[in-house]
Amino acid sequence: MLTLLVLTPLLGAVVVALIPARRRELHLPLGMALSVAPLGLAGAVFFSFDAGEASFQMVEKVVWWEPWGVSWQLGVDGISLGMVALTAILFPLSLAVSDSISHRRKAFVVAMLFLETGLIGTFLALDLLLFFVFFEVILVPMYLIIGVWGGERRVYAAVKFFIYTAFGSALLLAAIIALAVMHASQTPDGLLSFDYLALLALDISPTAQMWLFGAFALAFAIKVPLFPFHTWLPDAHVEAPTAGSVLLAGVLLKLGTYGLLRFNLTLFPEATVSLVPVLAVLAVVGIIYGAVVAIVQPDLKKLVAYSSVSHLGFVVLGIFALTSAGLQGAVIQNVNHGLTTGALFLLVGMLYDRRHTKQISDFGGLATPAPLMAGFFLFMAFASIGLPGLNGFVGEFLVLVGSFPSLPALTVVAAFGVVLAAIYMLWAYQRVFTGPVSGAENRKLADLSPKETAVLAPLAALVLLLGLYPGILLERTAPSVEAILDRIEQHTDYQAPSPGRLADVFLSDSEEDS
Amino acid sequence: MIPEAFPEIAWSALAPELVLVFGAVALLLLDVQRKPGVKVLWVMSLVILAVALALGVWQWIAATPEGEPIFGGMLLFDRSAALARLVVLGVTIQAMAAARSLFAHLGNRAAEGLALVLLAAAGFILMAASQNLVMMFLGLEMGSISLYILAGIAGDGVRSDEAALKYLLLGAVASAVFIYGAALVFAGTGSLDLLGIGEFFARNLLLSPAVLLVGIGLLTAGLSFKVAAAPFHVWAPDVYQGAPAGIVGYMAAVAKVGGFAALARVLLSGFENFRPDWAPIVAGIAALSMVVGALMAIISSDIRRLLAYSGVAHAGFILTGLASGVEGSSSVWFYLAVYTVQLVAAFSVISVVGGAASSGSDLSDYRGLYRRSPFLALVLSVALLGMAGLPLTTGFVAKLGVFLWAWRGDLEWLVVVAVVASAMAIYLYLRVIVIMYMQSPVGDDPVLCDRPTSWALGAATAVTVVLGVFPQPLLRLVETAIYL
Amino acid sequence: MVELVVFALMGAGTLAGAVTVVLARNPVRSALGLLGALVSLAVIYVVNLAHLVAAVQVVVYAGAVLTLFLFVIMFIGVDRSEDTSETIPLQRKLVAGLATVVALGAAVLVSRGRFSWTPASGEAAEIPNGTVQALGGELFTTWVLGVEVTALLLTIAAVGAIALAFHRRSAETPTED
Amino acid sequence: MIELPTEALWLVIALPLGGATLLHFVGRWLGEPRAGYLACAASLAAFGVAAAAAVPFLTGEGHPSQSLLWEWMPAVGASFEIVWDPLSALMTLVVTGVGSLIHIYSLGYMHGDPRFARFFAYLNLFTASMLTLVLAGNYAMLFVGWELVGLCSYLLISFWFTRPSAAAAGKKAFVVNRIGDFGFLIALMLIFSSFGTLSYSGVFDRAGDELAGSAATWIGLMLAAGAIGKSAQIPLYVWLPDAMEGPTPVSALIHAATMVTAGVYVIARSAPIFELAPTASGVVAAVGALTALWAATIAIGQSDIKRVLAYSTISQLGYMFLAVGATAYVAGVFHLMTHAFFKALLFLGAGSVIHAMGGRQNMEEMGGLRKAMPVTFLTMGIGVVAIAGFPPLAGFWSKDEILGVVFNQGGFFTVLWLVGLITALLTAFYMIRQFVMVFLGRPRWPEGVVPHESPRSMTVPLVVLAVLSVLGGLVNTPFRLGLEHFLEPSFEGVKLGHPAEGVVSILVLAAVAVGAGAVGAAMAFFAYHRPPEAWRRFQAAFGKVWGWWEEGYRVDEIYGTMLVAPGRRLAEEAAFRLDLGVVDGAVNGVARLVRAAGTLIRPAQSGLIRQYGLWFGLGLVALLAWLLVRGGL
Amino acid sequence: MPVVTPGWYMTLAAVLFVLGMTGVLIRRNALVMFMCVELMLNAVNLTFVAAGRAAGVLDGQVAVFFVLVVAAAEVVVGLAIIVAIFRRRETASVDELAALRG
């Protein structure tokens, strides 16, 4: 089933590739239709997932590169489940808004479907090398999507994106190799293995853990992107076509946080515990920094891009809080950010299609000619700000409340990001959508078409659903998250803070006075 | 006085080389007698190569991992030698299939050109199989001199001459260095036979083998020159740029195969005991090659120089595998087998785009190649991505292999340098792809390539991708090709 | 005793010839220096009982190869003195430095007795007598493959020379670049 | 009467929420006035349900109850659950009651607006949000309502979004509130860390046992920070005057009667925590008193009819803060309730006036409206008297109780009492001033304005509210503490502040307060029941001070130059200098470095054969040297 | 009276090799450079002979034979190329052949 899920989009890509280039009207609809198939499969996986089970489910394993112990091994647990579902949801939607792709449309659809295979594969891979293959292969279609169908400085952005992330993954590869070799030296038969589950059993010295953690973390930090490795992101986002931005923000960035959560925490528990301060500080700096920088961006897309830096800081903070609530928050915030920021990029793209500009100063008072668009934008903006009742809040709240017991001071700083988010989002909304309509072009701006509404509506529905009833995801996530925490507690002397104790610890200084 | 122990001449073991040599001679004679058309000669040479390859496959099946010494221990036809033969013949066929236009350009010298190609192939195969240092030298010279001539034979003027002279002069120095190394090893051990050398070490405990160390160093340097590893690589870009495009890929590929096979045999078979001594210098050369190759390739604006520098970097990667010891030689073979295919494919594209004999290869000629020929752009892209080591291409598997063995061989630092260098190198391959796909074309006229070239390119692309996803067959194959 | 005298004389001759090759301004002088070195070496070979080698050295090297050199020198008319000043910056200094390093290294090795060869067994070894018969036996039994390869090498050289010469003729007529 | 099971209370929220959803999707299709009717019906129905459910508390049979709707975030003990006790019941009734009246009023006020249905959708949404806030059974759900009312406030303030000032005001309200919410969030984190849950029952039951003093103080302070934002106290009150950009019913409902009182509600709700944190309580009281005085002085200088009321609201909220800070939670809630009546009345009256004046809000252009709109005149008069604290109207009882409690606390609170007293004087002054300027004297209407009485849908709510303003205070008088008994179950185990016992002291204190009010009222009447030139002379007598009052002490400007501008400059530096220059510059610098390194070694590739030979030689020697040195030379 | 050992010859050969190498590096006449390469090969030959003598095997002398042939072949090809270049450029200086670089 999972193999099928991974390969369906690839099959779709082949099918589209076989359609002659001159039947260009067929490519997009067909691509969309084909991307619904993995959505169906993902839905089936989601609902047949056993919520009470912490370990991997529906595991499939086929020996692949036999001499080196590489296998095609897939499995899903509570952490990857949401991401797979998110990926499957975003693809048909992003294809649906790609009408503006005017040249080489076939190649575009093929690249998109190829990308989908890569993304789903990355989330499902249980073999480290397989993971790496998917992780790396994604770069190519994404690179093309930015570089061929992007804006004016697309080549610069695409190359920067590619090189930057490839640099990170280079060290990741070295670390993966180190693990495989370590496996060979620690097992009696001396065989290499990249099997994640087998590598979990390794006994890694603390020093080695630090190095390996560093290599893994660097690769993922660039992907996230964690401050100060974020500068590829605004460039890539601004230049990418809408679909590219949606997927970049919606799914690609999550590879970083997913990787941190999946691999760093479990493979290197000791290093995790000792490096918490570093990662958490970077995350918090990212939260504040991303938000502050977003405030003054003159380009709407760049603003949303920087907001991603801020939002993903929350995810990383949640991960390194090492508490159940924090981890759950991180997982769900991953999904949330994909939905809301994805939708925001869709909206910016729709604006761009109409006006061919993304500069905030070129807009004004758009809520009058396009109330529906304004409504959706505001809705998503509030979701992004973290308005309770919408999904963004659930993630942020869990992260904050979960992080506070373990990282009180940092969490307080991070919480201030919530204020900044309101400033940049609402200010942007104010300048773009409210006030009197400026300019003739804005006055005759078309509101959302039924198709565009149909694209945004499911996202809005999910935003609301996850905001009010996150249990649908949380109940599936919780056991896996607990398992990670248990693992860390078993392998180190770390104890996840139990509430009721730490507030006093935090406040002990002032308590002594009183 | 006829010695009673006249060595048995193992004709069958040498069958592929005999076919090549007699084929070459036949081509020359036919040319003298009948003056057939270039096409006839070209087809003939392909047939000769195919027959040789078929015999090579047969020999592969017959070969054992331990190998069988023939000609009184001059050659050792083991699995690695047999594999070297397969690789050399394979890429020769690949290169020849795409090189018809070059030989057409050569006109009445086509027969000489084709004969030299066949002889060079035979020479490098012998070099790879040599168990004796002098024999290795002879094979090396047989191949190299053929290449010197090929570099100068078809070029369109000054650049070609310059390339040939550079190659020859520096190559001669390198050969001298190599054979001096052999002489010193002979002085130190009293044997030219690698097995004999090994036995000598088994008998004698050497405390101060200064002569041997210098000998090893000279041998390593001489062969490093042939495979274009830094700092002995400076000739490569100039020669690759100046030599006729249609033959450069072939030149680069077979020289690398022969050179690495010889280097592996010398170091792993003869001087395995000295690994603590030579591994660091090989690793150092590897690191330097990877870094210098990537740095220089990044700033070069000529695609041939770019590929030459990237070849330097690749030499570094291959040496990374080599430095890890006997076990690592399987990864060396895998790397060589897949890299040469990509290299030849890339140069075939260059010869189609820039003309088989001309030396113009500025990167700007490749602007918008996608529009002028999607097929060529795709082939070149796949080849470049393969060289970049992107997953799902053979290049990734190859890199993974050398990294794995190097890490197992306690060369962690080298692996780190290598991954960083490979990430750096990605930029230069991307640069070409950007130019091909994301810039507007220099002209509207489509670039056409003849059918055999297309087949060769298509096959190379298919091999790069298919073996990149399912490399098991080749992995198993090279597993047996280690220097026991 | 004889050997010592020969070594001293012929060694000096070899080096003198070599130095002439390296330093002479006129290529013809260089060629003559090379001739001196080659012949001196031939004598040394004889002392080392490498008779055939010595003969081949004189015939092939001093005879054929050197003649070829001289022929080409005359042919292309560069038998005039050349300016031996250096144009590449640092080249001479670096070369000198390199040579010094090599010399120093060698001196250190020799002084420490580290530049040794075939130890132990070497002392008792009988000096191999390189007669035609002995060498011929070796060449056509153990080394027969090598002999064949040398034949191929010469073929290649011949073919190459022809091809390169053709190259001249055909390349001269059409317009270039 | 049918007794309503508390499990059905979700209906209270669901009804207006359903109305909002329905209106959102089909509102435009329904059109005016049906959309309004639907909204009113939803609001009234919610009131009905709440009233039915509140009956047991009135009869004394009810018990506080908590019912779970569904799990939300189990990891932090957050779920959707409803608490039903007298406090939430009272709040619910106020919200739905006053809310319903304002819904009805809006039928008339918003007549003809192109986005009529959307307005009612927002009103309904607001009602639902506010009810979520007051009915929440845990802090997380409270926060949901807390933020949702902020959202509705944003939406309604910037309802006329084509006006840049309205759009800006909406954003300002939300952002300033967010600053308070930042504190609130921290409070939630502290609560969760301390108790492992956010549920009221979980927290309050264990508060006494498990909460260290300092933790309680911090939680209290952080909760107070949130409350200060929402209830527009110093220093975060600046959003409220701007919020008057919204339609007047919005000002009445959100920025007077309900939302802004959420802060008071939260502090009252968290009484068990504040009981452990006297410092936090003291801070709350001090902030309240200061705000009361501060805003009252500003109110004096305003000439915009709504801005006077806005600052008045801030000032009155200060009273409530003073009360809850003095642990007089009942008194605070009491004032909250009475204030909801008379301030809603005043705002609606003001709306009526604005409506009549064709949208004009400057009181200097009014005067003599007494005859033109008698119902408004009368009802608003009642409101003015009520807020000024004259017996026996509602304001008197609640304000008097607050002052009484504060005075009784003694010590530091005596100062606060004095502040409250002065505020009472000022309150009477600015309210009478407004009343005189609007309704009495000669008309100063601009050309073409013909005031008229508002339609029935607007006046009926006025009348109802006027009645409530008159009678509302009687639920809790020193002679009959009805409200206190009613609320007792909500403050079980909490020590409540009380005024001094004894008729004499009650009377004396009341007399002092009323006297202060009377002085203020008299001053205003004599100063303003004259032609405008006389006002100017009167105002000039205060010198510069009057200017400060008029300009609200220029707090907005000060914030602008002290916080907003530097903040923005910081952001710009970060975005354009630091991010593009340093961080991205480093990345591009690495790329340049690579190229530079390549360029540096490029000269080696000179094309000169001899030099190539040299490199070969150098490499060779280096290699040999390494081998030999390693081998021991 | 010292006995001449193979080591003496080898030392002589080493000096010769270095001289040859030096010549290659400092001479710009391609022909002279080739002569220097010949010197280097002769140094190799001398080493082979001496080492063969030390080891007591004929292999050294056999090797010389092969090196000789290789040298001859190289010279033939090299001279052909030099002639070709001279015909076109009227120079035998390698310093003037530096069009390919960078």
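Chains here go by letter, A, B, C, D and E, matching the order in which they are written, and residues are numbered from 1 within each.
Keep this in mind: a residue touches a chain if its C-beta (ideal position, glycine included) is under 8 Å from a C-beta of that chain, and two chains touch if they have at least 3 such contacts.
Because the structure is predicted, anything quoted here is derived from the model rather than measured.
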> When you check each chain against chain A and chain E, which touch both of them?
Replying inline: B, D
>> Once the contact rule is applied, which chains count as partners of both chain A and chain D?
In response: B
> By CA centroid distance, what chain is farthest from chain D?
Replying inline: C
> If you tally the C-beta contacts for D-E and for C-E, which one comes out higher?
Replying inline: C-E
> Taking every chain's C-alpha mean, which one sits closest to the mean of all protein C-alpha atoms?
Replying inline: A
> In angstrom, rounded to a whole number, how far apart do the mean CA points of chain B and chain C lie?
Replying inline: 29
>> Taking the mean of the C-alpha atoms as each chain's centre, how many Å separate chain B from chain E?
In response: 26
> What is the distance in Å between the mean C-alpha positions of chain A and chain B?
Replying inline: 44
> Taking each chain's centre as the mean of its CA atoms, how far is chain B from chain D in angstrom?
Replying inline: 78
> Which residue numbers or ranges of chain B touch two or more of the other chains?
Replying inline: 134, 138, 141, 145, 148-149, 152, 157, 165-166, 169, 173, 177, 187, 190, 208, 210, 237-238, 424, 427
> Mind pulling the chain D residues that touch 2 or more other chains?
Replying inline: 602, 605-610, 613-614, 617-618, 624, 628, 632-633
>> Can you pull out the residues of chain A that are in contact with at least two other chains?
In response: 163
> What pairs of chains are touching here?
Replying inline: A-B, A-D, B-C, B-D, B-E, C-D, C-E, D-E
>> With touch defined as at the start, can you tell me which chain D residues reach chain A in the complex?
In response: 70-76, 78, 80, 140, 143-144, 146-148, 151, 154, 158, 161-164, 166-168, 170-171, 174-175, 178-179, 181-182, 185-186, 188-190, 192-197, 210, 212-215, 217-218, 568, 570-572, 574-576, 579, 583-584, 586-587, 591
> How about chain C: which of its residues touch chain B in the complex?
Replying inline: 109, 113-122, 133, 137, 141-146, 149-150, 152-153, 155-157, 159-160, 162-164, 166-167, 170-171, 176-177
> Considering the complex alone, what residue numbers of chain C touch chain D?
Replying inline: 88, 91, 94-95, 98, 101-102, 105, 108-109, 112, 114
> How about chain E: which of its residues touch chain B in the complex?
Replying inline: 6, 10, 17, 20-21, 24, 30, 33-34, 37, 40-41, 43-44, 47-48, 50-52, 54-57, 59-60, 62-63, 66-67, 70, 73-74, 77-78, 81-82, 84-85, 88-89, 94, 97-102
> What does chain D use to touch chain B in their complex?
Replying inline: 594-595, 597-599, 601-602, 604-605, 607, 609, 612-613, 615-616, 618-620, 622-624, 626-628, 630-633
